[in-house]
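Look for chain A in each of the two complexes below; its partner is chain B in the first and chain C in the second.
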Partner chain A sequence: MIEVQNLVKKYGEFTALHGISFKAKEGEILGFLGPNGAGKTTTMRILTGFMPPTSGVAKVAGHDIFDESLAAREKIGYLPETVPLYPDMTVQGYLEFMAELRHVPERKKRTQEVLQLVGMEHRAKSLIRSISKGMRQRVGLAQSLIHNPPVLILDEPTIGLDPAQVADLRGFIRDLRTQHTVMFSTHILSEAEQICDRVVIINRGQIVAQGAPRELRSKLNLGSRIYVEARGRADQKSLANTLSKIQGVKFAEPYQNGVVVNVKDNKDVRPALAAAVLENGLELLELRPVAITLEEIFLEVTTALGAEEDA
Partner chain B sequence: MTWAIFRKSVRDSWKGMFGWGIGLGLYALLVIGLYPSVAAQKADYEKLMESYPDSMMDMFGTDDLFSPIGYLQSQLMLYIPLLLGIYAILQGLNAVTGEERKQTMDTLAALPIPRWQILTEKFLATLVIMIGILTQFFLSLVLGRALWPELDISVDKLAMATYASLLPIMVVAGVAYLLSATLPMHRRWGGIISALFLIGTYLIYALGNASQTIEKFQPFTPFEYYDAVKILKSGLQIADLLVLIIATLVLWVASLYTFEQRDLGT
Partner chain C sequence: MRNIWTVFKRELRQYFVSPIAYLVMFAVLMLIGLNFNTDLQDRANFEPADGTVVLSTFAFLMVFFAPLLTMRLFAEETREGTLELMLTMPIRDHELVIGKFLGAWAFYSIMLVVTLVYQGILLSLTNFDPSPAPLQSELDLGPIIGGYIGIWLFSGATIAIGMFFSAMTENQIIAGFLSMAVLFILWVGDLAGLLPASIVSTRVAEALRVISLQSHYSTSFLEGVIRPEDVYFYAGVMFIMLFVTTRLVESRRWR
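And now, the complex of A and B:
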């Protein structure tokens, strides 16, 4: 549904995108991750036809975004990062305006439908300037959905919202999966992990990793981790020292009330850990795997790239 | 074209349109209302003006400052393109850089409509807004003429002089549109350059009547092709109007071209 190949964008001497390539399948939620200034918004702006690339190919729903720009743009709903709206318009007036520009048939009916969809029907007559940031975000989303596009591109849609609004919006994005391919950018990694089928991690204009969060964990061979909690005379530090000597353990360090053991190459060291705890006269209270977060994957790949470039 | 952007642009400017129209209209009524007393003391004024240097008189674009036409030109018509030029600059700058600054251009540019259409609808909206202001101004001239019949100029000549001023105004708007479409996000620079163009060409036009050195540059100013005295005396000057129409079209096409080529939001 979205296909990007060797996309390059230069602003004078500065290269914002260094030939990135990725795909998003139909009905997929693709998370576009990266720190600020990584090239997320530039990529999204190119995909929406806002600006041309220096070179490369980008297709949306089979239409080349440059050669068949209008056809491609018809297939896209776009929510920019700042949710730009016209404050002097009413919510309904704005949506009808966008529907007209999108050539939506029966635009009044469709406006009511999307207002209902985003839960804003009770504020339809309100001026945009008088509604809260969370509501504006919903109006922005409604705008991107007004023509029922197969592809939705959402640039940092949860930024600036309060936790309840963020949870609402995440749920809403998850529900969109049934009818739309969604590409959304974020620098909140846990958010991507919760919502996305796949993630693309971009840093300094280059894609440093892509795949399902689970795939990325195994691909990057970050090993596994085990949390061990014990009761007895030994303190956390000495327990960590003991456990780090076990074969197959990379290192161990105190964490919360116990110790986190980092394991090499996903070896199963649980029996050895349990035995070591007992041999040291301690009672074993807890022994469980700890998932490696997307945060850690992100740090791993972005740090590795930074080190390579600095070298 | 859906004309939705055109309608929105007009709707966004209706307060400005009535504000400028009413302001200029009231000013016109004030100027016309003073004319009977000026006409009554015409001989005294003319005697006084004889003591002024010729070059100063030339700046008013007429040597007959106290006839109805001379008075209207020197006190009113001379300044209309200059004043409305300021509003035209604001309109032109808001068209692109304003939308970029508010970041609403992000959604506009992502719509399945070509960029030239966005700019064209906005440019036509500026044209209609200016016509709206000039219509209010014209109605106030007609009202002033009815209230103070000493200002004996036919309604059709007043209409011609009023609406012909639209063309130099649209040239100024064209410059602002071109700068807005060309200069990335630099609204301030666009404003400064447009204002320099407006004031600079106006000064060249005004001072050119008094200085032979500056006179050579007058053909490069839009004001050279709008002479209200000539229009009020002998009707529209078609050749002059054509120059202004062509200049406006060239600036508009150049704006479309640069807007199509430019990286927005940078």
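And now, the complex of A and C:
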């Protein structure tokens, strides 16, 4: 549904995108990850037809975003980073205006539908200036859904929301998957991990990694980690020393009340670890795997890239 | 067409929910009313009534009040971030520009229509022929009809100029101030001929007169004369300004 090939965007001297390529299939949730200023918004603005790329091709629902701009735009629902609302309009008036611009048949009915979908029907008659930030975000989302587009592009949709609202919105995006291809950007990695089918990580205008969150983990060969906590005479340091000598362990280091063991190649070293603890006359209190988060993947790939550039 | 209509409706409706539009309408109509009253008193039993006073006052006020209503057209949308959404809607840039322009022009047309009240007053005042046969009004309708057409076109040109400045900046105050300054210069331009030739050569003065907004109604429409060149002038200003504004909006995509 979304196809991007070798997209380059230059703002004068500054190159915001260095030829990125990615794809999103139908019914997929694509997370677009990166630190601030990585080029996320630029990519989305190109995809939505707000601005043309310097070079490269972008297609949405089979339409080239530049050559068949209007046809492509019809297929997209877009929520920019600053929610685009007219403060002097009522929620309902705003949505009906958007529906009219999108040539939606039966505007009134569809407006009620999306209002229900985002849970805003009780504030339909309120002026937009009088509703809260979270509600505005929901109205913005309703706007992007009004024409039931096959492709949804959401730029940092969860920013500025309280935790309950964030959880709500994440659930909502997940539910959208059945009918829409969703591409959303975020710099919160756990968010992408929770709801995305695929993740594209971008930094300084370049894609540094892409794939399913699980795939990314194994692809980057980060191994796995195990947290070990023991009670006895030996302190954390000596325990870490002992454990790091076990075959298959990359290294071990003290962490909180115990030791975190980094394992090579996803080998299962748990029995060996338990045995080593007991052999040293210690009582084993805890032994559990520690999941590697996207945060770490992200740090890994972005710092590696940064180091390359600096060298 | 359909998209222009959609944008037009929202713009026009927007004027009726914004306090500044009501304030402008209040101020314009009140100042016209005061001027009308003074003029009527001055002429009473002395000169024939003149319906174009209302129109020349309206035109003068447009120079200062048009920018107040056009400054928000694009500047506000840029600042609120709604322009980004509008430019990703399946509508063309010129449809957005034309829709907004027509919305603002329609609001002014409504104000202009309200001033017809004064013509009604003049008509009833000048119909004093007591004989029942031919009711001949003393009022000269030619300049009034011509004047309304002329001032309507003139206001379209001022709005197009105001909108251009609104598209140039995201600061409403700057947009308003710039268009006010430019409109004022264009409005008083035809007075350059009054300066001694040593300061402004007659050729320059003539050029200034030709491009001035005032000279194209004061000596023609307001005298009841409709000259094609004046119609072309205002239509041309509107067309050029709309074209340039469309280009300006488009250029946001390239920045």
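We adopt the following convention: the second predicted complex is superposed on the first by the 311 of 311 C-alpha atoms of A that agree within 3 Å, B and C clash if a C-alpha of one lies under 4 Å from a C-alpha of the other, contacts with A are read in each partner's own complex, and residues count from 1 in each chain.
Going forward, contacts are C-beta pairs under 8 Å (C-beta built on N, C-alpha and C of every residue); 3 or more make two chains touch, one makes a residue touch a chain.
Please read all numbers here as calculations on a predicted model, not as lab measurements.
Student: After the overlay on chain A, what do you see for chain B versus chain C, clash or fit?
Tutor: clash
Student: Answer with first, second, both or neither: which of chain B and chain C does A:G56 touch in the superposed model?
Tutor: In the superposition, A:G56 touches no partner, neither chain B nor chain C.
Student: Which partner chains sit in contact with A:I76 here, chain B, chain C, both or neither? Use first/second/both/neither.
Tutor: A:I76: touches chain B and chain C.
Student: In the overlay, answer first, second, both or neither for which of chain B and chain C A:Y86 touches.
Tutor: A:Y86 contacts both chain B and chain C.
Student: Under the stated touch criterion, which partner chain does A:G232 make contact with: chain B (first), chain C (second), both, or neither?
Tutor: neither
Student: For chain A, what residues appear in both contact lists, the one with chain B and the one with chain C?
Tutor: Touching chain B and chain C on chain A: residues 11, 45, 48-52, 70-71, 73-74, 76, 78, 80, 82, 84-86, 88, 97, 100-103, 143.
Student: Going by the contact rule at the top, pick out the chain A residues touching chain B in the complex.
Tutor: Per the touch definition, chain A meets chain B at residues 11, 45, 48-52, 70-71, 73-74, 76, 78, 80, 82, 84-86, 88, 97-98, 100-103, 143.
Student: Across the complex, what residues on chain C touch chain A?
Tutor: For chain C paired with chain A, touching residues are 2-3, 6-7, 10, 14, 17-18, 80-92, 252-255.
Student: For chain B, which residues are in contact with chain A within the complex?
Tutor: Contact set of chain B toward chain A: 2, 4-5, 8, 12, 102-107, 109-114, 263-266.
Student: Flag every residue of chain A that touches chain C in the complex, lowest number first.
Tutor: Against chain C, chain A makes touches at 11, 45, 48-52, 70-71, 73-74, 76, 78, 80, 82-89, 97, 100-103, 143.
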